[in-house]
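Here chain A shows up in two complexes: once beside chain B, once beside chain C.
On to the complex of A and B.
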């Protein structure tokens, strides 16, 4: 058809332009979606300037401008500020009519504190009180920075102790009395108490911009920033640190703050388990359908059926997983092996294993179809040549045909993984959890807990966006999570596309018949 | 370096090789049959789980009761009502599947209404006008669009697009008129440009250079939405809609679902339609052009009729995907089980209902089995539609081959 490509004559009328416009519109939609996710998702971690806003009536507030919209039914516009200070103000958002703003300033001394309770504090730092005495004014900020770094180190040591020493010891003691372990545990606990004591003791004196004072125990403070005083390089460094925290930390404050590490881990683990199941079986079925089965009408029908299963809605697979895996097989396993813990189910409820199996079933057609396509691409004379040289069928398959098909199988597997990583609907039925801070792999026998529920990036998006308390506060995190998920899937798909392209190029060079 | 007389193979080794071959073939067959059976078992499982619903009297369900309006306390006329958990203890539950089926079809129709023109237009443009190099880039890009997870599209539609459209309703409703007009305007303006610039803006690349123009136009319309509303509807479009057309407005409505789900099905329809169009043997189109037809006339009279089964199957597959899509509907539709024609009200689809309610439904109960019935309906529908599409496509491929053979 492209031989006809050339110039649109004037006589062709408006339709060719509308057709071209639909290409532009589709691409534009895709571009808009990606840009929105990228800008909002990455922008959230940038330390935005803090404005000190003075209103006409003399009221003052400090906050980060979030967005602006016009008041319904009028010309007036309102701006939403994130003002934090839940403990002082009761709400962390403030709507300000733009017309009433008398002045805006960006004073350097405004601080943002991220706290374990009550969320963020926005205001001024008055003093740091501690064992080393009271430091005020200019000296307070460097002292606070230094002390926070110390606290971070202490916290790290405590968490390591808890994880590496205390938890295994407790598990050992659960199995039976053990004097050595008890002594060791007592020592570790004493050290933890020491660390806790080191952390406590300091307090911050804070002042909000409307003049209210607040004393804040320092151990509750996680981070302190003065965004208005930062240079672009500092901001970039902070941005990088925040992105890393988002990727490596667990969620806090009912999922509305912190990171998504357990969700990343859960998604990856589930997808890995799934590909371990789906690849061999899919490849086996593909080989059977293409190389072993009698190529009659029945095989043709089976092939169409398998192909069409790729189009069956994912939620139907979820229903199948719930009915067969969870209630059927899981319930039976519970009766046979975990009868002592009934009625609370072990495998008779959604979990990692059932989720991976359901998704394996869901992606099986993808792998089968890709394998079959790869096999069909191998020219028949290659097979005939191998057989003529005396190879048995299995030798022909393993030595000649399968090596040539390997990239196709890999493509199928990658596409399956990409599809599985983005599927959420079936997981809602077979084992995803809103919050599961314990990842399903730990040092406790049998190390990999297939019966546990797990967190998933896609479900995390749904849950944050639709079941969280304060959607406005969760939105930046939703954007960031969505961006992460989309990036993972795009990279997987691009790899598959690249592989397929490479494959075509390679097989294009082979003589056909 | 071939030995003219290869050594005679050792008979024991030979037997071992053949034994191994037979065993491996057997294993592959067993595995293959097992996998295929497991995959096909889905339909069997759903059917088996649904049967007791109609056989056991304790469920008290009959086929007509599910689909016809039932009497509801407090209403004079029978109502369609999906209310599986009674509002208060003692009240009856209502199992009317009709609103769910309606919601599913309504969402799918709006999605197709949005997606089919765009996808077919894109397919026609890329098959007929685009240079080969650009087409080779466009295809993977749209494949990436297909890979966008439903949950992300649903989130953007439900939490970003829906409130935005609510605030810029006049502009959003004007876009379907203004954008095509803008495209035609761009086409018209191009002819008045100096020849050098015109060559730069080749029609084959129009899919690319129209993008900034359309983006600017859309931004302008949405930005001017308040003025538009002021000028045409005295500043209250929603009031006007309600008073004049009797349409209620919900932020998460069928239109939003249609746009979001349309976005998700465009690439699928595009890929199949493009395959069908560019698969039409070139000799047909060349013949028509040689007789003096323009490219668009060739398309309408020759290529489209030849490719129509393929385009039909592309739309079918898009419909199958739209009917079964869960997360987008769940997040963008408001999930209200209504039966109205109004595109500006919410809806509740079968797939979203399953996702929301099945984890809470007691296994084996009436509610559970009804949800499985819904799943069976989705399964049967998509399976049939896809099989039909596949058969049509196979037949089409044969036809092309025949046409090419005789040409």
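On to the complex of A and C.
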């Protein structure tokens, strides 16, 4: 490579330019892809201004402009507004002909409420009614903010109590009667009821911009914002909180809202399990093919077969995993060890273990090939040097050849991870789930639940894009999840690359001839 | 001169012969082929103890093949077919009871390109010792210092034993490889064109080292460079097309070769 540098463009004709051009084009496309994902995905979390639109016929609506397009077969343009209020209007999107807009304003008092049911509300806050009395007008907003913070704290305490006290106690009681535990459980449940009673009771009186009134139980409101009144710093803070929620919370409303934490966890865990399985197998197979096997016609055939395996479509591996792992091995395991819970399957259905094994099989050729190439790059004189000092073949391999090959093996692992993290098709057959809010690792013995179904970022994208009720609402989440998937793979790869660099520094890079 | 008296030549022909008692290696009727391709034909010669014996000859004459047969490096190559025997101190090295690893420890080898392992200088020299095991750190340190001194490298590396061996120059690397081999105290040292990849100064250092080492062990040197053979060796064998053509004291072979083929090669005339 370096020998080529500096000679471009002198006498070779157009070839160097064509080659450089293709590199530049690929880089540009990659950059465009990432930018698109980042802008569309991350932009979703930005508290955009709310417009109060008045039409020529006097109709009024409040909403966030999403995009604009020309009406088919005409000069006119239409603008799509996100208007929310599913409970009042029946639809959360409104198309407005641009020509009919009489005026647009951005009044500060417009609020966005994020609710557990019916999605977002966009409109005005009239009053907050609660045990403390009724607050109207200017006083309502600060009171609402204060009360929401209180609710958040109460909700946090309740969830912590459920997780840290109730669940372990229930588990203890499942094992046998225990008077102390029962008393403690009763106390905890009483406290939870108390907390829930504290949360209930408040009501919001809301009014949409076209004058319809609505009473909303405050319990169901998660967050309230006045985006038009926010300073850029506030907006940035809100954006950061929203991104964090997206990363750390589970999905809500049939995956169309909330976060993707279980999917991130599922993806990373599955990839790690797959690496743990595929690396030793692939490395050993590579060593056998390159160092141990008689280099004859048969070895050659095996090698060709391994390389061809890398090209088999991934769905075929999915079918294989379903037939062999899930029905074959899983079914047999169930008959032997989990007969008491039949006919409901334990391992005889798709799950984390089978998905990891299927992907391990899928990526095995990559690791074998990388290991073999690494071994082939160790010069023969290194091997002979070790043998000439009285090393046996095993000693030669373990003390000289394998340390020098470690970076190549890690390269194989990186390639395997990159391939596995992005696969969706085989997973649909062997264990991915649309919704599995319980991550496969918890405090319950045996802590890692290999039989559980899991969520996966790739499948989540597929599910959002094709199975959601509202594609328009799902698109930003699709972009955000896709960006996240890219980032997860990037982090996994960077970890492996860092490790490889560390190994190279310790064992020395192979000279490049 | 060493403790040994000068070996007595038994024959007067083009192939010099020694008494068995003065030889470390005896090669008898050795033929070797890579598959269908013969490389050595019915070779018989003896290598004297505590002397430098050089093998010279044109490329492809089989001198490196012969050298590799002496420590059974050909074992790895399944194609190789061999006949005849090689005895190290009277014992057939192909005998089933011989441990190959032990044989290779006794017959050390230094290759054409310096091949230090990708580890520290210290670990390189300790490699063979660690394979044998059973040595305390202090003892090992002493052996490593001795080996590096013997290879005339100690003064240059004593401050940086922990540095990677690949940071050394080519000549230093080759001396490190020699030290590494000496550390396991071999009886015979095989040198396969040890200086061909080095600059003239490093070459001189290696040659001086070879001359100094013969008081400790027997050396067999393969070289393309006839001046080098003349400078460092006591006996020289000339091989051509897998056959031993002439074997005699270096002085005689270079100044007064008995055969025309030898003379043509030495004087650079093509046959």
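Couple of notes before you dig in:
Going forward, the second predicted complex is superposed on the first by the 457 of 513 C-alpha atoms of A that agree within 3 Å, B and C clash if a C-alpha of one lies under 4 Å from a C-alpha of the other, contacts with A are read in each partner's own complex, and residues count from 1 in each chain.
As a working rule, a contact is a pair of C-beta atoms (placed from the backbone, for glycine too) under 8 Å apart; a residue touches a chain by one contact, two chains touch by 3 or more.
Computed from a predicted model, the values in this text were never measured in an experiment.
Of the two partner chains, chain C is the only one that A:384 touches; chain B does not reach it. Judged by the touch definition given at the top, the superposed model places A:214 against neither chain B nor chain C. In the superposed pair of complexes, A:404 makes contact with chain C only, with no contact to chain B.
Of the two partner chains placed by superposition, only chain B is touched by A:20; chain C is not. In the superposition on chain A, A:395 contacts both chain B and chain C. The larger set of touched chain A residues comes from B, when the choice is between chain B and chain C. Applying the stated contact rule after C-alpha superposition, one finds that A:435 touches neither chain B nor chain C. Residues 390, 392, 395 of chain A lie in contact with chain B in one complex and with chain C in the other.
Across the interface of their complex, chain A is touched by residues 9, 17-18, 20-21, 24-25, 28-29, 31-33, 35-36, 38-42, 45-46, 49, 117-122, 124-132, 135, 138, 140-145, 147-156, 158-160, 167, 179-180, 183-184, 186-187, 191, 202-204, 206-208, 210-211, 213-215, 218, 226, 235-236, 263, 266, 270, 277-278, 280, 282, 285-286, 289, 294-298, 303, 317, 320-321, 323-327, 330-331, 351, 354-355, 358-359, 363, 371-372, 375, 378-379, 382-383, 385-387, 390-391 of chain B.
Listing the residues of chain A that touch chain B in their complex gives 1-5, 7-33, 36-37, 69-70, 73, 281-282, 284-285, 287-289, 291-293, 302, 304-309, 311-320, 322-324, 327, 350, 361, 364-365, 368, 390, 392-395, 418-419, 421-425, 428-429, 458-459, 461-462, 465-466, 471, 475, 478, 482, 485-486, 489-490, 493-494, 497.
Every residue of chain A that touches chain C in the complex is listed here, in rising order: 294, 379, 381-382, 384-392, 395, 399-400, 403-404, 507-508, 510-511. For chain C in complex with chain A, the residues that touch the partner chain are 71, 73, 76, 78, 101-102, 104-105, 108-109, 111-113, 115-119, 127-128, 131-132, 164, 166, 177, 180-181, 184.
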